[in-house]
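Okay, so chain A shows up in both of these, paired with chain B first and chain C after.
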Partner chain A sequence: MKPAPFSYAAPHSVEECLDLLSRYGTDAKLMAGGQSLMPLLSLRMARPSVIIDINRIPGLDAWEVTGEGVRIGARVRQRSLERDRALRAEIPLMAEAVQFIGHPATRSRGTIVGSMCHADPAAELQVCAILLGAAFRLRSHSGDRVVSAEEFFLDALTTAVGEEELVEEVRLPLPVVGAGYSFSEVSRRHGDFAMVSVGCIVTRDAQGRLDESAVALGGIGSRAQRFRLGDYAPGATAVPALFADFARHVAETIEPDADLHASTEYRRALAAHLVQQGLDVAASRTESGAQ
Partner chain B sequence: MGLFGHRQVRAEDDNLIAGRGRYVDDLRFPGMLHVAIVRSQVARAKIKVDVAAALALPGVHAVFTADDLPLSARILPDCHPNPALRHPRGPAVLAAGEVRYVGEPIVAIVADSRYLAEDAADLVLVEYDEMPAVIDLEKAILPGSPLVHPDVPSNLGARIPVVTGNTDAAFAQAFYVARERLEIQRGAGQAMETRGVVAYWNEYESRMVVWNVSQVPFVHRTAIANALGLPENSVQVLNPDVGGGFGYKGLTYTEDLLVPVIARKLGCPIKWIEDRREHLIASYHERTQIHHLEMAVTQDGVILGIRGRFLYDAGAYTPWGPVVPLLTAVNIPGPYKVPNYKVDADIVYTNTVPTAPVRGAGRPQACYVCERLLDKVGHELKIDPAELRRRNLIQPDEFPYELGFISRDGTKRTYDSGDFPALLGRGLAMIKYDARREEQTKLRQEGKFIGIGLALCVEDTGLGPFEEVGMSIELDGSVTVRMGTPSQGQGQRTAFAQIVADELAVPFEAVKVLTGNTDLVRYSIGTFASRAGVVTGSAVSIAAKQLKQRAFAIGGTMLQAQAGDLELEEGCVRVKGQPSRSVSLKDIVHTSLGESGAPLPMQEFGPGMSTVANFCPPTNTFATGCHCAVVEVDPKTCQVKILQYVAVEDFGNVINPLIVDGQVIGGLGLGIGNTFFEKVVYDEGGQILTGTFMDYLMATTMDVPRVEIDYIVTPSPLNPLGMKGAGQGGTIPVPAVLSAAVEDALQPFGVRLNHVPFSESDLFAWLGEARTRAEQAQ
Partner chain C sequence: MPMPAERMDVELSVNGRDYTRRQVEARRTLADFLREDLSLTGTHLGCEHGACGACTVLIDDAPVRSCLTLAVQANGTRIRTVEGLGTDGELHAVQKAFKQHHALQCGFCTPGFLTASVALLEENPSPTELEVREWLSGNICRCTGYQFIVDAVLAAAAELRERRGAGTGSPA
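== the complex of A and B ==
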């Protein structure tokens, strides 16, 4: 469990980092917190010949609120979601999700952006990004671009990030006024990747319609999936069995994989349970309270 | 007695907690080279190996294949030969031409660093000419199955029957017979510290020095001497701090011989440290057994007999003979009266990692199957599980209790002492059994499902043949204890110092316990099977008593008093009632050693205060226990929450309850892993799917509840201090208890558990099956 030989570079600016990326391309791997990359290197499942460590690039360790939302730099640790009250207030969904990600030690190093770039289909932060409609700012010498979460996550461990691109930040919309959020999951042990995780938003428009309410699920296949309530029951307001019906619909729609830890059928059952429960909790957190 | 029984804080802990523990990987010697092992990637194949590219890599010093090893170092020794196992097969040190399991060592690379050695390992070309393999235990004994060893007529390596009474007659009278197929899956010991070996040739003494993590350094010394063709006095085995043993460090592995062989050949220090991946795929596993058993009972649930057979998965080789299945076969009756018993242990070769004892060693399986059968009886005959057990327990006035068959150690299996009804009574009181039953009924009406599980167990501990202890009082009055049973972190330095401090009336701090060095005593067996405390501890007590007698003899002469008038207090021999007539142990040592150049002053005693003692137990002593648990199961998510866990243990007289509490708590952690998490999974082709801690799950601190521990004490008559071993009791009953509790919680759904470990997903599937059964029944 020792990595194959590699060269190491620690650029001091985004420009320098992009230079290195354009020079080494596929041979290079960016390293943020290293919490997913290092195990892959040690098991020799990844053998990049150059490691570009972004931990010395100034600026990437900041987050800020702008008119459009929250921008989180590539070096912001998952731990900030636990510790930084101001950040927690801006993204209540992620603030709730972070407790399920690994352990204090892994969260202290692992970054928010790095988790999303790694694109494990059971990662909590991918579920959050998909549910909230995150966007990613990608930079390279061939030009900068902004990619939506739906376009970003392509498959298990695969994103739209090109080989010469750096993800500089993730952008998250500000909380919807009056909405309620919830995040829950079931994993084998505390801190393990979820067998199923569910993020929920419950929001009503002026007419009390729940159309923009939605759920996103992780651990159910090659990537997280989002389901909008309005697509299932357009114009619905508070109907007693609505959440249960929707949960059943979601569970029947998904095609979760089986693995060592959970069967397809069990994952479906968890999905139904967590979606319904999660929507109930989120609804209770809306401005108008539970239905 | 002073310190015996006292919750003495461990002398070891300051160092260990502060990061000052010193482990085999901390050893650094000038010019030391590092080894990496190339392991088989397929389950069964003829192999051809090309090491040219690896050897050519700069920084690589040597590459070893089977052909490069001396003939004496090609097969690992059989540690427990047993005539029933007619075709034992020891693992090859390096595979010669054929591999039989994924992970089998093939090539050893020696390089400047472990990094380089692993780079070179990547360059070794192994050509696999694949052959059919058999992984599944049940398929391995079907006619036409591929043979693991073509020169062994069948994969069924042995059938060992354990019999007493007449089961046919008993079953003919039965009111009810419970039948089950009960399966326990493969797990492994996961010490914090993996294995490791450092070896070098000591030029000053012309002998091989081997540092390793052994539980049995004397066994390793013999094996290494044989492999190297050296006299035993030219091999020294040393153990630094060791981070856990769990039984699997009590065996001899490839690297234990290979590293000294390489060190001898290359003439420089060699280090090999196992990484976690190697550990998961290549260190010995345990526990896979499939049982087909029947229990015959009367209308009142009184056991008439148990019969059946079970399959034991030996893996590809038999490094420890049939010890584990034998332990299961003799432990199934446990604390219950089973007058008629006939169980066959079938030992089966498969193309998997060899199996050997892991903490519990066959006993968790035994406890599980017996308790599961009893729970089935209780369920069918509608007898409360606690009451059912009460009716079958061996009674306190029946000790010594003979089971009617031969034990693992060849003696008539006889329980030395115990009080099972007291254990059960205490356990039930601690969980407030009756109140819990009422609560259960009430909660069910609210849609909440709690369940109660209980089990009792026995453990054969403190087995022979002997342990030797050397003890000296030094010139400054401090006491040195030398012994052969090394520590894997159990706290021997503390516990044995407590015994000495009491016996010699010296401060605890004045006693130093040395171990982990084959130069310290002449002979030793090792630390395993919960034996060091009992056997070495007894030898410590005997040695201390001998020194005390000697102190009285020499001190009596010095004080001109009769030995009978003397007492040993505060490190001094004193005349009773005349404290001023006193001589310190230190003075006794000084006086009896005499002056340099002059004749010894007290010729009749010989020089100094030093002794050697052995303890040779007549047979095992039996530790016993009762665990009870209350769990809540959420039938929607199938998650299990342990609400209360109670362990009542009878380890006889306990030297240090603090240490023993720790053994119970840690044991419970493994037991919880064995129930819910720890599972080595092979695919059909023999690849291990659980090669990292991401997939091989262990119970963490989040999964192990606070355990309430209490002790019942029935001292063992088999050793001077009345002790019983405490190393495995925490683990053994856990899968039985938690399975019973989960089944009890889900009783309204009709789920039956006959399989450990089980996950939430398994429970979900079983709930579904139960529902289907119920619908079909309607």
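== the complex of A and C ==
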């Protein structure tokens, strides 16, 4: 259980990091918190010849609020999302989700961006990114680009990030005014990857319509999936059975894989339950409260 | 641009002692560095891939899994291991409570539980039972059934609060 030999470099600027990536790209692997990469190295499921450690790059450990939203640098730890009240207030959905990611000792090194780059289909933060409509800023010597969450997550453990690219930051929109958010999941033990996880937003327009309310589910296939309430029941306002019907619709639409921990039917049942419950909780957190 | 290297020098402090210019292989985990290079074998290795928590140490006061951190990444940091929890031949309050409450049997998992518990109480002096359980969810014990470990941590928390209260003269 020891990593195979590799060379290691810890660049001190994004420029240096991009130099290293362009020189060693195919043979190199970026390391952020190492909480997913280190096990892969130790199990020798990954054998890069060069590790580029981004932990010494100044600036990437910062987050800031701009007119468009919150920008979170590639070194911001999951622990910051747990402890930094100012950051939590900007992204209430992710603030609720972070407690489910591993354990304190993994969150003190694991990063927010690293989790998204790893793209485990059961990862809580992928669900958040898909629900909120995150965007990623990618840098390389061949040019910089911004990629939406829908384009970013391609498949299980696969993203749109090229071999010579660094994800510099993730951008999240500010909370929708008056909206309520909720995040919940079922896993075998607290801190384990979820069998099904669900993020919800409940929001009403000026006419009270719930069209822009939505849910996103993780653990149900190769990547997280988003469902908009307005696509299922356009123009709906407060209908008593609406959330239950929508939850059933979502559970019937998804095609979750079966594995050692949960069958397809069980995952569907969990999805129906978590979606309905999650929407109820989110609705109770809207400005106008429960219906 | 720094050239990637297979070996490099690290400087760090472990349990208050400074180590300068220790050459390590880049692939060396912090756990192996502590155990093999510094002979600090109190830090245990159960799974070596992040699942069990036996290897937990504190880096700049934060609990981390030393099997998921490279020694070179610890360059310039201050590390505490189970060997450094007590002072002057006296056990840390958490260690004493583990002893009193029979919170260990074979002891293999204990270093990780101790370091994780110390980190918890430094951050949150009055955890609830649920908070203790959630905090320690990343540490696996095959012997105790956890109940006595939770008891010990709650008792240590009470003891530390009392000591602090007595020290400052304010009510505990």
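By definition in this document, the second predicted complex is superposed on the first by the 291 of 291 C-alpha atoms of A that agree within 3 Å, B and C clash if a C-alpha of one lies under 4 Å from a C-alpha of the other, contacts with A are read in each partner's own complex, and residues count from 1 in each chain.
Following the convention adopted for this analysis, a residue touches a chain if its C-beta (ideal position, glycine included) is under 8 Å from a C-beta of that chain, and two chains touch if they have at least 3 such contacts.
Computed from a predicted structure; not experimentally measured.
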item	value
Partner chain(s) touched by A:Gly102 [first = chain B, second = chain C, both, neither]	second
Contacts of A:Glu265 with chain B and chain C, given as first, second, both or neither	first
Partner chain(s) touched by A:Met1 [first = chain B, second = chain C, both, neither]	both
Partner chain in contact with A:Gly230 - chain B first, chain C second, else both or neither	neither
First, second, both or neither for A:Gly34, with chain B first and chain C second	second
Touching partner for A:Arg44 - first (chain B), second (chain C), both, neither	first
Partner touching more residues of chain A, whether chain B or chain C	C
Partner chain(s) touched by A:His190 [first = chain B, second = chain C, both, neither]	both
Chain B versus chain C as contact partner of A:His12, first or second or both or neither	second
Chain A positions touched by chain B in one structure and by chain C in the second	1-5, 39, 43, 189-191
Chain B residues within the chain A interface of the complex	114-115, 118-119, 122, 275-277, 636-639, 677, 681, 689-690, 692, 694-695, 697, 699-700, 702-703, 759-761, 764-765, 768
Residues on chain A engaged by chain B in the complex (per definition of touch)	1-5, 39, 43-44, 186, 188-193, 195, 260-263, 265-266, 269-270, 273
Chain A - residues contacting chain C, complex	1-12, 16, 19-20, 23-24, 34-35, 38-39, 41-43, 50-53, 55, 79, 99, 102-106, 108-109, 189-191
Sites on chain C touched by chain A in the complex	1-6, 8, 25-27, 29, 32, 47-50, 53, 56, 62-65, 67-70, 72-73, 116, 119-120, 134-135, 137-139
